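Both of the next two complexes hold chain A, though its partner changes from chain B to chain C.
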Partner chain A sequence: MALARNKMDAPPSSDASAPTVLQSRRSWSWYRFSEGITPYLLIAPLLILIAIFIYWPLIYSFYLSFFDWNFVRPDKTFVGWDNFTRLPNDPRFMRALHGTWIYFVALVPIQVFLPLGLAILLWPIRASRAQSAYRIMLFSPTVIAYSVAAVMWLWIFNPLQGILNKLLTGFGVERINWLSDRDTAIWAIIIVATWKTLGFHLLLYMAALEAVPNDYVEAASLDGASNWQIMRSIRFPLITPTFFFVLVTTVISVNDDVFGAINVLTNGGPFESTTNIIYYLYQQGFQYFQIGAASAVAVIVFLATALLTWLQFRFVERHVHYG
Partner chain B sequence: MASRSETTPTGMDFGRAGSVSEQESSGAAMRSGLGKVVIHLVVIVLCFLTIFPFFWMVSTSFKQADEVFTKSIHLFPSSPTLKNFPNAFTYFPVANWMWNSFGIAVLTTLGKVLISVPAAFAFSRLKFRGDKLLFAMVLATMIVPGIVTVVPNYILVSRLGWLDSWVAVIIPSLPATAFYVFLLRQSILTLPQDLLDAGRIDGASTIKLLWQIVMPNVRPAIAVVVILSFLGAWNQYLWPLLVLNDFKAKTLATGMQFFTANTEAAQMWGPMMATATIAALPPLLLYALAQKQIISTFVTSGIKG
Partner chain C sequence: MVKQTRRSFVGSAAGAVAGAAAATTLGSAVAGAAPAAGASAAISAQDNRQKITFYHIYGTPPGGTPAASPAPMIQVIDAFNAQSTTTFIDSQTPSTAYAEVLQKAQADIAAGNGPDLVITPWSNLNYADEGLGVVDLNTVGGDDVAAVLDNIRPEAKDIVTRDDRILGLPWGLSTPIFYYNADVFKQAGVDPTTALKTWDDFKAAAPKLKDALGGNPVIAFTYNKDWPAQTLVQCNGGRIVNDDGSFGFTSDEAKAAMQMVADLDKDGLYDRSTSQEMRPNFVAGSTAVMISSVASLKGLRDDCKFTLATAPWPTFGDKPRIASTGGSFIGVYARDESHYPGIWEFFTFCTSEEGYKIWNQTGYINISVHDFPKLDGQEPAYTQFEAGLIPETNWPGARGLEMQTTWATFVERMWANDISVDEGVTEAESELSALMG
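== the complex of A and B ==
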């Protein structure tokens, strides 16, 4: 089929779905039938996998959350709402909740607004030759594994031999036990998370800024608008879809993302100061084999995520301008 | 526009010619020149902070064991050695981990492309009963955090006897493609309708249309999906951590853990950084090669509703 090459020259068809020439010997009705089920065949692999590995586990988590089970025992014991009502009495759960909150309030602004500010800062020098070098460097932490990033930082944070403390003691500052002090450990993880994710959102914002049509900017600048006014009243409103996308995905994934860093750097310690609800679920399920408790937490995480997403669509999305 | 450019008399090339936005600044050229220098300085400091952990990892991986523990800071190894790399391979089955990471990443990528491209085509260009609802169901998976499905999937995978095998990692991670389906769909939607009509006139079946017209024309978007899937699969952590318990079955991202469990062995930092370097290199190379492609797809496909 040579058509793919000179695609534009082909005459438009008045009836796209009915082929005028049938090359196969199959009957018309067979053709209609096979074409009718083709869409379903095309989406079937994806939908079957989604059903088995995303929707079914979701439903099964709800089911398991009402049972006491340790994964090994053949029978599950129905316990009603016990797995849920017990959670507030578990001090480890409450500390995990507190950690979740700290990660959330620290990292959502850092991951949503910092790269936006940076993208705006970089805008005036976008045409400079150094620009793509900057972009490559700033984006590089995004492409490596969280666990590898955490290992790199484990070495930097090392209390005795780590370069950070060597630098600090060089300036006469006392040595800090970054990862074993309950006041600093969570901030060490937040530093790693910031370092790790800054570049991706920066890239999205920069791409969005570049996609803003020039005619709007031209019109405004002819009207005497200043740089800042153009950024605020034209460019920013036009990149709000990207802003919204970044906001929603960050809110969903921020606590999920730090899991690797927590597991490598602190294992949730010291004194559970760096744990969060995701890490708590992991420990309940895979260290203590409390399948019911882990599932109850899974249900809570899912409902909280759904609620947060709904709230954002309800209250933030109305300010989004879809170009 | 012409009047604007006259107010920037430095004659410097402020960027791509003809772009009005370059002339947004009507202020004094001196001030804007100085402003740009300041911006460059700020960004350079930021780049330095970003790159330093990488530099430090690589530098440590080439250091002799005793130099790792000097009192003062040695930015570069004084007598560089390659010893840490073979050492890492003898302390731990790093070769197995590399092979597992590679195999899992390649097969996962292949699988994700095979299921997401046809689906994206169907959702963008075909009309069928329930298409909107089914597409919404695909997109809705994006708000299901991975952790929520982990316990039931672990039960399923262990019942199937898949633990410690590649399939255990690959198959359950395949359906996490909603974002790729979305990207590909955006890309397919930009194809001119005439192009598809022409194929129809020729009597091409839907499958042929997908294979011979759509796929060749959305190659850049497919390339991006390949790159992003590979990165995601190479870097995944939680799921392989759960289903790969055997020492040799681990991936690089999950195997690294053993070094941290053995930090009392003081001479480990060199081999550990060597392994981290090995684990970080493929994704960094891939990104360096394909960054233009990735960026342009984000620009053209747009993160829009």
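== the complex of A and C ==
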């Protein structure tokens, strides 16, 4: 700005070098402009995609939650808050909430602590080939599609021919209808979801343990700290950012994670005992084509997720050591 | 430049995941139903014939293993495509489940890229009409409607007729029948003709069958339970939904029929497995009787290694046997009227003797006026058909699809003694009334 003002204030010059100076000032301005805008141009494609595929659907879901619409009818009927107010009176929604709660209470500790425990157990054998074998075994379910895995699990859980019942009845246990008994079906889903997600969290914890500076560990060893003390007082505090990340993302996605298992193994049954709020949303939107109702549930899921995430940042994050 | 710390990274990453998880729940499901065209577009580009897209359940879904020989529906389409010079039917099987095919059709229609034709279950006729805007065949076929539909028997035409509108081409008419493992009956010393005559006869014979199966349950009701429940209730003189639209499942006759299955369950005779487990169990010889669609006849004949036999439903004493329909019609959902002549050309072929003869291999009841020999094992279906079938329940109102699922869940609960029949019927009535509004 100062340069420009000086230039305008300056008297006309008869100096032969004036165009060159002007050109160089112009180049400088262009350089500064392009330097300023380039990062935004570089991230613009991603931002546009995020805006289109994440934020626009989010906003549009809010909008649709006030309408009665089935995707196809040209007219949407405005219904105000009806899609929200009818939910507490809908027994299927309440059953879905109950399932959501069970999945949450059961799976969050399992998905957060079980891989942590396994990572700690695998840590002493990190240099051996056995650990690679364990990693592959535990991670491979993560990359197998639910539709493929379902075939295997359906045969495992089959009440009359499944390997699990054959094994149990061999020990004198009575046959169990794993997927069609309300007491066992939800646990079958939890087992499958755990099997599917365990490996990813395990890898995160293993990577975090690898990243702990060896200096601290060596210093503690020299001071006579035991392996358990080192793990408790040095390694674990230093991997708390990863722990926190796993916790937050698990809380956010735990009910999404079981959707695939529900969809391919039980369809929410038996007797809606394995359904959850995500499956309820899917049914409303894509089986019954109640787009307004589905959008209202999506809004509730979003707000609940945002609240839970905020609570974790408010109360759990203070215990995280960012180094 | 803002400094990125580990703290801010964790925060922003978690925030992004939170936003994405909630915002894309609906979106991801839509993406899952995205069309998988490609091959058909290439084919239509090779010639100048008009492409008519047809979604149905009879082919190989994406990722599936093609059958050794093409399904009869594919054979009909191939035969048509081989002879038509103006129209090419682009056959697509998004799924082998009716509901999923309809879901994809609806999503594609919403996206302005809908199919011209969709195989639509009879039970979704109301929804096809009120929700999806299925096109009246009088509009599609014009003056030729009668000439084509005269090839279809009147009983089948009645099912798709609303006032003067014809809401689709009657195509696959099925009915639930009994399939049984004749070897197990023989091993148990049970005569199937006697044991499957009435429900009392069946209950008397079932323990012997259970012993022959090594203690396994004897009888499986496949598909969503609302479908076999309809025939069961009708055979005892009840209805699920009365002709005036009121609930019939609250009647004493309906409750008694439901209680009969609940009693089978108490005796360990009823297979509680999930629907997707029942067929493999039966095929493997783990259960003795399976109630399924007559359209399953060909597939079961191919898969079962034991002596497969069929029977009509047992009766309740002397009461008449009144089964329900199943299956589907071909609905026209084309929004482009220039496609109507091509669609009509295809329908003309389907209902011709040549086209229907190919389709008739499936096991579905022959609803054409053409005379074809019955398939071995189809007799029970014709027995029930000739006695008069009642159309599959079309639940009324904008939330009819949800009502159907809700009722199916209550049937499942009552049969498996998760809830008493009296409580189940009362709760079902309450929930369904709320959905009907």
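What we mean here is this: the second predicted complex is superposed on the first by the 286 of 323 C-alpha atoms of A that agree within 3 Å, B and C clash if a C-alpha of one lies under 4 Å from a C-alpha of the other, contacts with A are read in each partner's own complex, and residues count from 1 in each chain.
Everything below uses one rule, namely that a contact is a pair of C-beta atoms (placed from the backbone, for glycine too) under 8 Å apart; a residue touches a chain by one contact, two chains touch by 3 or more.
All of these numbers come straight from a predicted model, not from anything done at the bench.
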item: Joint occupancy of chain A by chain B and chain C, clash or fit; value: clash
item: Partner chain in contact with A:V217 - chain B first, chain C second, else both or neither; value: first
item: Touched partner set for A:N177, first chain B, second chain C, both or neither; value: second
item: Touched partner set for A:L167, first chain B, second chain C, both or neither; value: first
item: First, second, both or neither for A:A130, with chain B first and chain C second; value: first
item: First (chain B), second (chain C), both or neither touched by A:Y322; value: both
item: Contacts of A:Q287 with chain B and chain C, given as first, second, both or neither; value: second
item: When both partners are placed on the shared chain, which of chain B and chain C touches more of chain A; value: B
item: Partner chain(s) touched by A:F71 [first = chain B, second = chain C, both, neither]; value: both
item: Where chain B runs into chain C (options 9-17, 27-35 or 153-161); value: 153-161
item: Overlap of the chain B and chain C footprints on chain A, listed as residue numbers; value: 53-55, 57-58, 61, 71, 147, 154, 158, 161, 241, 245, 249, 252-253, 256, 278, 281-282, 285-286, 294-295, 298, 301-302, 305-306, 309, 322-323
item: Residues of chain A defined as touching chain C within the complex; value: 53-55, 57-58, 61, 68, 70-73, 89-92, 147, 154, 158-161, 177, 179-182, 241, 244-245, 248-249, 252-253, 256, 265-266, 269-272, 278, 281-290, 294-295, 298, 301-302, 305-306, 309, 313, 317, 320, 322-323
item: Contact set on chain C toward chain A in their complex; value: 5-7, 10-11, 13-15, 17-27, 29, 33, 63, 99, 103, 106-107, 109-110, 131-133, 216, 271-274, 276-277, 280-281, 284, 286-287, 398-399, 401-402, 405-406, 409, 412-413, 416, 418, 431, 434
item: Chain A to chain B touching residues, read off their complex; value: 1, 3-4, 7-8, 10-13, 16-17, 19-23, 34-36, 38-40, 42-43, 45-47, 49-50, 52-58, 60-61, 64, 71, 118, 121-122, 124-128, 130, 132-141, 143-149, 151-156, 158, 161, 163, 166-167, 170, 195, 198-199, 203-204, 206-208, 210-211, 214, 217-218, 221-222, 226-227, 230, 241-242, 245, 249, 252-253, 256, 259-260, 263-264, 278, 281-282, 285-286, 291, 294-295, 298-299, 301-302, 305-306, 309, 322-323
